[in-house]
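One chain, chain A, appears in both complexes that follow, with chain B as partner in the first and chain C in the second.
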Partner chain A sequence: MSRYFYYHVIYVGLINVMLFVPWTLVQHRFDGAVSAMAIAVVLGTFVAYATTSLYLRFPQKSLPDILNSLLPRWLALTINLLASTLWILAGILVIYSYSATIQQFFNPDMNPYLFLLLMTAAGVWGASRCTRSVQFAQEIMLLISAPLIIMILFKAVFNPWLDWDAIRVTAGYIRTPPSFVSLCAATFVFAGYNTLAVFNRLLPQGTQIRYRWIIPLFCTFFLLVSFFVPIGFHGTVGVAQYLYIWSVTADSMIMEYGFVYRVLYIFLLLYTALSLMFAMNTWHTAMEFLKACRPKYKPDPDEYPTPKINWLINIGFAALTFAYAIWTNEQRNQLVNQFWLIARTFSDITSVVLLSFLVWKTTRRRRSQIPSDAAAPES
Partner chain B sequence: MIEEIRNEFKNATDLFTNVLDNGFWAVEIAYFPSLCDEKIKDGVLVPLSYRFDPDEFRRMLNSNPKYEHADDPKEWANLILKGYVLLKIEGKHFSFKSDRTPVTQIDAPTVESTLQGPQTAFTEDLNINMFLLRLRYNVPSLTVEPFDKGTLSRTSLFVVYDHRLVNAKILKALYKQLDKVKLDLLQSSGQMVKQLTEKNHRVFPTILQTERPDRVADMLSKGKIAVMLNGSRFVLLLPVRLYDFMHAMDDEYEAFWMVRLLILVRYIAVALTITLPALYIAIVSYNPEIFRVQIAFTIDGSRAGVPYPSFIEVFIMLFMIEALIEASIRLPRIVGSTATTVGGLILGQAAQQAGLVSSIMIIVTSVVAISNFVIPNTTFSQSVRLMKYLFIIIAMIYGISGVAVLFFALIVYLCGLRSFGEPYLALFTNETKELPK
Partner chain C sequence: MRRAKLLLIGLAMLLILPTSGCGFKDIDKRFFVVAMGIDQGSTPSNYRVTLRLAIPTSQMESGETKTELESMEAPSIAEAVRHLKSLVDKELDFGHCRVILFGKSLIEEGVENPINWLSRRRDIQQVAFLGLAEPNAFQVLKLQPQSERYPGNALFLSFGSEGTESSYILTEYLFDWVRRQTETGKDGFLPIIRKDIDRNSYRVDRVAFTDKKKLRLCLTPAETQLFNISARRYDKSVIAIPFKGARIVLALSQVETHVSISHEDIPTVTLHLHASGFLEESPPNFLNGDIPKIENQLQTEFNGELQDLLYKIRNSEVDPYGFGLHYLAKYFGGSKEWKKWKEAYPEITFRVDSRIVIDKAGLVQ
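The block that comes next holds the complex of A and B.
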């Protein structure tokens, strides 16, 4: 069952493009991005290992379940609400920037809100399913898009127009002191483990997540590709001119044998799937966090048919997306993205600390219980 | 007894009632001659008349399994309607089972034919169907539970499963659904499917109908439940998954890699039949720049004479093909071939030469139609037929990105479906593992 966990790791590793991770890194390419990436590989791997091991200590329990059962109610409620805000925002940001991308590269004449409506509708539709259905859909979508992912990655890395000198020059800046924003951006690539916050419910008792070296291996690869390939295509200076770096990079490649000439369209189709998957997962997680705030909440990963509350919460998220789209513009969106990346890093580290504290607390409680249990039959 | 029965069946002139007096006993008898067969002669009339011996007759009443006590007057009407003969002998009431079973020839499957698999199909008679099933799946643990459904038709049905393999939870869910069945006339398995599926399951079938005994046996061995209906060629199987609808029985009998290839072809065909018309609209009207220049020009050139937007063209052609399919199902065989020839000619040549549709559209239409027939199951193929219109509508509004998003929504929908609590679409979940052993 642990394969589902790696699907999360992989698509979160790929979605970084839509959260302006490469853009953020490229802005700091001469002052600390490369060293930040090097640190992020170590830090991200460490946090990923720690978080997964900690969640496995609480079999079949999601983060809200753990918090509700072990912390005082007010504290659990606050953390749940904060976490759900973070998750909602992730879905909103990706949906917004994907709609903006489509608006620029696919349907420039279309009313931007019309496409946003389609994306949010699909997000609501996906996220309101039960956890198990979300997981199944996730697997199928990822396997369908896998050939596209592999194709684009290979095309990019083995492209004759890729200028390895530019990449070498940029990599030489590794001795500059790391910049904080770049570090936060780079660790996001490793953040797939976070989805265990809800999907841990579906890992059966006694599951071991084996082959955890997949996380550093794949995520480092994704991180390096999403930072260095655009530099290789556009040059060390020219790369900073673009906002949607990867769309432009994909458009630098062509396919010689096939119906479709420009790789850009393949790339956009692939990111339709990935963005929708990301929105589905984040909103679903946020929804579960919100539902866990109710006093008489009972977790059920396989609820069927879909309860009305799922629809209501997710339609609320969709409304928030529209509000965000009306309020924001390119600059504000950048700011919110950076803010989100930083907040996310903090929340990840906090959750590791919090979970270790809770593990310590439960083991202590269990230890203090054993003597009293052993004493019970004698009395 | 006769009076009571007469009271209940006031206007049933085809009911036969009489008092048979052979000099020793006066026996009251009541039955419907149309529902009973010749067994009544050897079972009742001969021993009662010229071979009469009271002791022997009493012995027969006790020992012949076809005779049963029928002391409850409330049951009488029901028994008579099922083809039993009611007798009143020496003050006691008996029923004699003499229901007429039409002699049915077991014939070849008409809907799900195979190349080299078994060439028998279920018949419309429950007992023969049970025989056909026992021929292929004959173990002591095979459980058969009889039910009666339909207030007017009183159709008898069997719930069949292997009690070592079956999942008790699913069985319970099935009984719950069976209790809810409200029907006057139960005439076909399709009605039963409608009754058993929940309201939000009405787009894709979550119960498989099959006419093949080998498929039922195969499914029973996987712990599934079969529902057999009297008077219907088709047996219901549940719970099922999407793959079961895409599975032809030939897949069990042919070479491994060949089968894998064919299954792949089928899934590609489904993807094509759902998305191709929508993609045509999206490419022609929204994003011609996706294709390389040469192909874009070819498509546009073939549309040069067409005076209206692409979606109208698509609707015209799809209406034609749907009408053609409907016509060839309903028409008698002889006229059917004429209709297809005429339709094919019109669709293929004339419409394109007249400049009403482009030649690419003709290719699209035929690919859509052929791909749709590749699906082995009729019910599923009809659901797929319906799906493509949703895609066309979304392509009219959003172009190609709309098609991609809707495809995602379709996958989510299928993953969200449950067939009696079991997931409908999920990859690599080993179902036999989940079953209690």
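The block that comes next holds the complex of A and C.
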């Protein structure tokens, strides 16, 4: 079952392109991005190991379930609401940047809200399914896009036009003190473990998540590729001028005998799938957090038929996406992205602390219960 | 429930209506730009933009393709393109523009503005081929070679490895050129495209080097080939030397290069090159001859030529090989090292250390 967990790790590791992670890192490439990345590898791995181990202590329980059962109601409610805000925003940001990219590269004459409508419609439909369906959809979509992922990564890393000197020059700036925003941006690549917040419900009792070295291995690779490959293609100085940094990088590769010779279109196709997957997951998670705020909430990962509330909540998310699209522009979007990346880092560390506290609390309660149970028959 | 479903399907169907693709313009209402030329206008502040537009035809015969050439002068490229739209009956589409030529006088003046336009436009491919047109882009684009099967394909088959693969032709992509324009310690190069004397084909056998601002040096065809071998590791080329009254020609099949730079006040750049190939022309009874002796002679000859070329390039203050960047990469240098390198560059020494191996003698002895 743990393979489902790794699907999350992989697509979250890849979606960083749409959340301006490479852009943020590249802006700081001479003042602290590289050292921040080195720290992020250690920190990200540690948090990933800690979070997964902690969730496994609560088999078949999602984060809202854990909070509801172990914390005072007002505190659980606050945390659930805060967490859902963070999750909603993730989906909104990705959908917005993706539709902006598409509009930029496919057809600038198109009404920007039209594509947003298509994306949110798909997102609403996907996210309103039950948890198990979302998980299965995940697997199918990731397997379908796997050849594209492998092809683009392969083409990028082994491209003869990739300038390894530029990469080496940038890597030399590891001696600069790390920058905070870069650290937050770089740890995002490791953040796939977060989806356990809801999907832990589907892991049966006694599940072991084996091969956890996959997380540092794959995520470090994704992080290095998404930062260094654009630098290798556009140079140490030139790389900073691009806004849609990976779209331009993908456009710098060609497939001479391919069906379409511009890799850009393959790249955009792949990110259609990944962005939809990401939106589906984040909105589904946010929805579960919101639903858990009701007093008489009963978790059910297999609810069928889809309750009306799922639709309503997700349509609300879609409306928020439109509101965001109307309010935002390129500068604001980048600010919100950076803010989100920072907030997410704090929330991850907080959740590790919170979960360790709850684990400690339950074990203490259990320990104090055992003697009293044992004492009971005697009296 | 069923009615709700039907309603939902109906609504979903409605979504099809606004998606009619291609920004509401059909393919037969579009003009595809296959090549673009940017020249200096009649006054120095003006640009002359020339577009080669493909006219779709039903037959696919060589020499039967039709293209239209439109040209316009304006103070900026964007304005010229806008104005050009009023000369044609269909919407211009740059999505298939695979060749962009700069006029020689434009590059001699400076190249910053055209680059800005080219990298800002999202529909210009990053993998478009660049070239320097002599005497100007308009003259080169006017040529319609007989061998063209698709509109404009003679020009772009010259580059890349799709069509002809010649060691005299250097391929430069837009993204690489833009990167070299800003990169520390690496300068740009552009293949020079001329009309052949018979006016039926293009002639691409020279290369031009630019620094960050303008044109600095043009190489001869022989030097161009040498640059292609040593800088781009181009392996479909030949090395030729005179030998006992005849000529020995070695066709390369593999080239590997490696640059090492010493960390002194005046650094020494050593270019190690390992090439192997087979003989295409040699005096008869080659096998009886002394192979190591021929290899040695090839090496000394090649080293000398390449060394001369490197000094020639150094003396015109350009660095198309990227030695500066390699130096920074090697010693993980920052701005201080870069300053030091820039000061030392006019005086650095070059050494070429080549190893040329004759793999096979061809089919005859």
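The rule is short, and it goes like this: the second predicted complex is superposed on the first by the 379 of 379 C-alpha atoms of A that agree within 3 Å, B and C clash if a C-alpha of one lies under 4 Å from a C-alpha of the other, contacts with A are read in each partner's own complex, and residues count from 1 in each chain.
Going forward, a contact is a pair of C-beta atoms (placed from the backbone, for glycine too) under 8 Å apart; a residue touches a chain by one contact, two chains touch by 3 or more.
Please read these numbers as outputs of a predicted model, since none were measured by experiment.
Peer 1: With the two complexes superposed on chain A, say which partner A:H284 touches: chain B (first), chain C (second), both, or neither.
Peer 2: In the superposition, A:H284 contacts neither chain B nor chain C.
Peer 1: Is A:I140 contacted by the first partner chain B, the second partner chain C, both or neither?
Peer 2: first
Peer 1: Touch test for A:R168: chain B only (first), chain C only (second), both, or neither?
Peer 2: After superposition on chain A, A:R168 lies in contact with chain C alone.
Peer 1: Between chain B (first) and chain C (second), which, if any, makes contact with A:R29: first, second, both or neither?
Peer 2: neither
Peer 1: Based on the superposed arrangement, let me know which partner A:K61 touches: chain B (first), chain C (second), both, or neither?
Peer 2: A:K61 sits against neither chain B nor chain C.
Peer 1: Thinking of the overlay built on chain A, is A:T306 touched by chain B (first), by chain C (second), by both, or by neither?
Peer 2: first
Peer 1: Who does A:R344 touch here: chain B (first), chain C (second), both, or neither?
Peer 2: neither
Peer 1: Just to be sure I read the superposition right, which of the two partners does A:H8 touch: chain B = first, chain C = second, or both, or neither?
Peer 2: neither
Peer 1: Which partner does A:K155 contact after superposing on A: first (chain B), second (chain C), both, neither?
Peer 2: A:K155: touches no partner chain.
Peer 1: Residues of chain A that sit at the chain B interface in one complex and at the chain C interface in the other, please.
Peer 2: Common to the two interfaces on chain A: residues 107, 110, 114, 118, 262.
Peer 1: Taking the complex as given, what residues does chain B use to touch chain A?
Peer 2: For chain B paired with chain A, touching residues are 198, 200, 286-287, 289-293, 295, 394, 397-402, 404-406, 408-409, 411-413, 415-416, 418, 421, 423, 425-428.
Peer 1: Which bits of chain C are touching chain A when the two form their complex?
Peer 2: Checking each residue of chain C against chain A gives 12, 15, 18-19, 22-24, 119, 122, 125-127, 160-162, 173, 175-176, 178-184, 186, 322, 325-326, 328-330, 332-334.
Peer 1: Could you pull out which chain A residues touch chain B in their complex?
Peer 2: Where chain A meets chain B, its residues are 102, 106-107, 110, 114-115, 118-119, 122, 125-126, 129-130, 132-134, 136-137, 139-141, 143-144, 258-262, 265, 268-269, 272-273, 276-277, 280, 304-306.
Peer 1: Tell me, which parts of chain A touch chain C in their complex?
Peer 2: Within the complex, chain A touches chain C at residues 104-105, 107-111, 114, 117-118, 121, 161, 163-169, 171-173, 175, 233-238, 241, 248, 251-254, 256, 262.
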